[in-house]
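Structure provided below as structure tokens; questions to follow.
Each chain carries a letter (A, B, C, D and E) given by its place in the written order, and its residues are counted from 1.
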Amino acid sequence: MKFLSTIWQFLNRSFFRLGSPREFYKISNYVTPVFGLLFLVLTLIGSYNALFVAPADYQQGDSYRILFVHVPSAWLSLFIYIVMASAAAIGLIWRMKMAYIVAICSAPIGATFTAIALATGSLWGAPIWGTWWEWDARLTSELILLFIYFGVMALYYAFEERTTAERAMAVLAVVGIVIVPIIHYSVEWWSSLHQGATVFREGGPAMPPSMLKPLLYNALGFTFFYGYILFLRARNMVLDNERKSKWVQELVNKEHNKEAH
Amino acid sequence: MIDSQKAKEVLLQAQELACTRGDRRLFESLEFSLSEAECLHVIGSNGSGKTSLLRIIAGINHPTKGRITWSGKPVLNNHSSDTEFLANLAYLGHKDGLKNELTSVENLSFYRRLENTFDPNQIDRDLAQMGILEHADISVGKLSFGQRRRLAFARLLRSEFKLWILDEPFTGVDAEGRELIEQICLEHLATSGAIILTNHQSLEGSSLAPHLSELRL
Amino acid sequence: MNSTFILFCRREWQLLFRNTANLVQPLCFFVIITLLFPFSLPLENELLSRIGGGVIWVSAVLAILMSLDAMFKADYNDGALEQWLMHPRSLPIAMLAKVFIHWVATGLLLTLFSPVLSMAFRIPTDQIWVLFIGLLLGTPSLSLIGAIGAALTVSLHRGGVLLAVIILPLYIPILIFGAGMITQSSLGASIDSQVYALIAILTLAITLTPFAIAGALRITIE
Amino acid sequence: MNSTFILFCRREWQLLFRNTANLVQPLCFFVIITLLFPFSLPLENELLSRIGGGVIWVSAVLAILMSLDAMFKADYNDGALEQWLMHPRSLPIAMLAKVFIHWVATGLLLTLFSPVLSMAFRIPTDQIWVLFIGLLLGTPSLSLIGAIGAALTVSLHRGGVLLAVIILPLYIPILIFGAGMITQSSLGASIDSQVYALIAILTLAITLTPFAIAGALRITIE
Amino acid sequence: MIDSQKAKEVLLQAQELACTRGDRRLFESLEFSLSEAECLHVIGSNGSGKTSLLRIIAGINHPTKGRITWSGKPVLNNHSSDTEFLANLAYLGHKDGLKNELTSVENLSFYRRLENTFDPNQIDRDLAQMGILEHADISVGKLSFGQRRRLAFARLLRSEFKLWILDEPFTGVDAEGRELIEQICLEHLATSGAIILTNHQSLEGSSLAPHLSELRL
């Protein structure tokens, strides 16, 4: 019991430590390059395997290889939304500055991945379904996700006062979470052109390991890419938001001195 | 004056209050307390943060730092669920919360019902007291600036609020109306209420003077 | 708590009738949008009756959407919202009352009127019922969800279009179920699943959105 | 006179960019309305491509309509309109400038975007051009005529819907010609008469509506 | 005082002015004239029709009856095409015509351009004179009530309007700002301008006193 509570306290502390912009900035100094590196390595391995190692599909030939971009981006578009909405909720509940920053920095990245999923899906659909766009449940709900991302960003930038902007954005982000299950289950709830769950399904992935492996590498690589960009953007935002505070001033002075020498 | 107030109960206390709007620090480590039967006159030049302070006390804006206590108990950060404090609080700012489409009587009735103090005869008497009974049945959008301010003030009559927060209550009212409002404030103070107000002219010469304490921003 | 609801309903009702135009406008708007389509499409009865249900749903959504902007604007501009925020009475309940009267003046009214329009589109009688039930179950959710957007954008100068941009994506699921009912029933299939979905959305909306609306107002009003 | 135009254009432009959301919102709105239809109609490609042109036109009309309400509202509320009324500079010219920038931010932008949407509706390429030209000629008239309605309703609390009710009927001729072009061209017929009609409406609108707008403002502002 | 003004040119004359709002007759057969270097103080209790009168003179509202002449020439009924009169007229009411989204400089520049008196340096100097240069670059929506009133007043500086119509120009400004505004009004009067204003306090003691004439409603 004591052990558990120690763990809980540790988690609690680190959670709130990350919640302080200054601590976040310190930690991000180390984490950002690591994420960048992991992204490069994983994506390179994944892409090499995807392009040269994985066999051609017996039905689709080589065109299926777009899967290695499409599926990770589609997953990420959902994953990032979940992260964004959770961060927004944390911000609203615990009034944590960092959570809002994470949420608002995630939005454009999520929108980009959503756009990529839509674009690659369309490209793929053209040869497979004979059409690049169909008003089908999966596709349209993914499009709605894109609009929700846009709405979240538009709302944020519509306010002049930052604190109001981030809290208003957070409410919308939390409310918009309903779209995520709709996208995920759309293929089951409605008859759809799009194929059903292939990887995360009961009874294991219905995919040969030679295809699955590069897919997972890429998915992980893309996730680190998200983390990398997120940290980069969040660092900038932290500096901008806290530009009046002492520690940022000190940081600026230090940089200044470095340049002077 | 100070002696007589020491005996009274302290209603509101602010500790270390700080407020930053945009890049400007308006005030910092502001401390004051307000007792029963006290009228706190917040003084400051334009843009010194009087309205911001009043709105922070009313819970509409949030302070950058600091704490407010009401009868010794700290007021919750966002006020929203602090019903005891809220029930004791009336705020009258530049915007008055009156509906242009409704008549004076309807507007006042709504607020009285909200506060569970509704009584139709009383409403007529209150409007008469503020000198706007004549206009009771035209829609508020057609009232003159000063008539509208009088109506907004009428809300405070016979209500159970202990603390009145008044942002420039005398704007737009004529000399007679001003006296009237001062009189009403006096009565409120006499029933051990408290007032925080701003005004650009000094109140030293007014009938409120014996109860006055000043806070300079 | 109960009386807060009644008090605010009363007030909104009064305001609604003070300017009777308010009452008929959303309805007129609904009718006009619906009737724009016959002007802009090739004139074929069969085409009209096939798209009629969908058009009526889209028009209902747009009519409600256009009335949302005004929902809190006046109360914001004259400071009434500030006063409510400061009041010990339950803000979510008060907002629920406001939305309820809004729905009566928009959603309910146009639902009651929809059968007439359906006839103009030559929609078969059994589908008119489907449309009616769909609107009756769907429009309250539209008002409730829309109110969140209205609350979020109340302090913005040109909130109207932003409101639409943030709210329409959330309306789409309701639209899909509501209009889907008509397509389904025209194929002779069962509409139970859509009805259940609409009821589920409505239940969720009634229980959760008042808090979201109140929270949004507390955030945007400074 | 010329400089009044430029002065007001400049100011409106500034206001537009002060809040970049203002710029993208009507466009987003247009896109979203257009996309509502596929959700609410039976999914058949042939049906979509037949109604696509009409739907895009209706969406354009509605997008412009929804942005009209805000056109003079802010200037009315803060007293800027009073000041202009009192000014010796030509009010019609000033209003023309205001409408011009409004059109750039709404009509022009969504005209430029219409080809993309047309593709989503599978409208054939030659008709995409017809749609584009129709919108380019029609939307300025929509902004101009709409501004009269906006001016007439500026002092009303819930003008938004009333505005729609009085303006939409005036929009119908433009809609008929604009959407008619597409129907005509899909039948292989000439679209000249519609183009001439739209040009004629536009010419009339540019020359006459500024005076109507200025007159309406003088009447409604008291 | 009367003697010295007889010599001056009469700028504005009102004859038989009457105004009815709703069912109430506010004033009837009102006559007054305004000469150069004269400041007309319109006095009346709340709702007596001061604002209505000022708006009628400015051409925003229409009188029920009566005529207004400007330098001897009758002003056209609806003012709208009477560019000579309009070009000489500035009205400052409770609404100020400032855009919340734009900064002080941008707002002022717009009006200066409208009046063909635009000069960026001058604008900075004017803002400094009104004591709001510090806030020149935040959007007007964020200004305090008094700062905003000061900005609204800044429009009148170095403009070519001969007649200023000011509805309660001192609302919301602090003591220092009030003095400033009086000073500016004095300068305007010194350059043979004219002012019509309302104010609920007497102006007898102020620096405007030598130019004052009163109109009771």
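Methods note: a residue touches a chain if its C-beta (ideal position, glycine included) is under 8 Å from a C-beta of that chain, and two chains touch if they have at least 3 such contacts.
Note that the structure is a prediction, hence the values are computed from the model and not measured.
**Student:** Based on CA centres, what chain would you say lies at the far end from subunit E?
**Tutor:** Centre of mass proxy via C-alpha means gives A as farthest from subunit E.
**Student:** Tally the contacting C-beta pairs at the A-D interface and at the B-C interface, and name the larger one.
**Tutor:** Of A-D and B-C, more C-beta pairs in contact link B-C.
**Student:** Mind checking the centre-to-centre distance between subunit A and subunit C? Centres are C-alpha means, answer in whole Å.
**Tutor:** Result: the chain centres lie 33 Å from each other.
**Student:** I'd like the Å distance between the centres of subunit C and subunit E, where a centre is the mean of that chain's Cα atoms.
**Tutor:** Here subunit C and subunit E have centroids separated by 46 Å.
**Student:** Report the inter-chain centroid distance for subunit A and subunit E in whole angstrom, where each centroid is the mean of the CA atoms.
**Tutor:** The separation of the two C-alpha centroids amounts to 58 Å.
**Student:** Spell out, as numbers or ranges, the residues of subunit A touching 2 or more other chains.
**Tutor:** 140, 147, 150, 154, 158
**Student:** Which subunit B residues sit where two or more other chains touch them?
**Tutor:** 94, 100-101
**Student:** Can you list the subunit C residues in contact with two or more other chains?
**Tutor:** 19, 74, 77, 156-157, 162, 165, 168-169, 172, 222, in rising order.
**Student:** Which residues of subunit B touch subunit C once you look at their complex with the stated criterion?
**Tutor:** Subunit B residues touching subunit C: 58-62, 78-80, 83-84, 86-87, 89, 91, 93-102, 106, 110-111, 113-114, 139.
**Student:** Considering the complex alone, what residue numbers of subunit E touch subunit B?
**Tutor:** Contacts found on subunit E: 21-22, 44-47, 49-51, 94, 131-132, 135, 138, 142-147, 149-150, 168, 171-178, 200-201.
**Student:** Okay, in this complex, where on subunit D does subunit E touch?
**Tutor:** Result: residues 7, 11, 14-15, 18-19, 74, 77-83, 85-89, 91, 218, 221-222 of subunit D touch subunit E.
**Student:** Looking at the complex, which residues from subunit D come into contact with subunit C?
**Tutor:** Against subunit C, subunit D makes touches at 19, 21-22, 25-26, 28-29, 32-33, 36-37, 39-42, 47, 50-51, 53-55, 57-58, 61-62, 66-67, 69-70, 74, 77, 156-158, 160-162, 164-165, 168-169, 172, 175-176, 178-179, 183, 186.
**Student:** If you look only at subunit C, which of its residues touch subunit A in the complex?
**Tutor:** Answer in residue numbers: 145, 148-149, 152-153, 155-156, 159, 162, 165-166, 168-170, 172-173, 212, 215-216, 219-220, 222.
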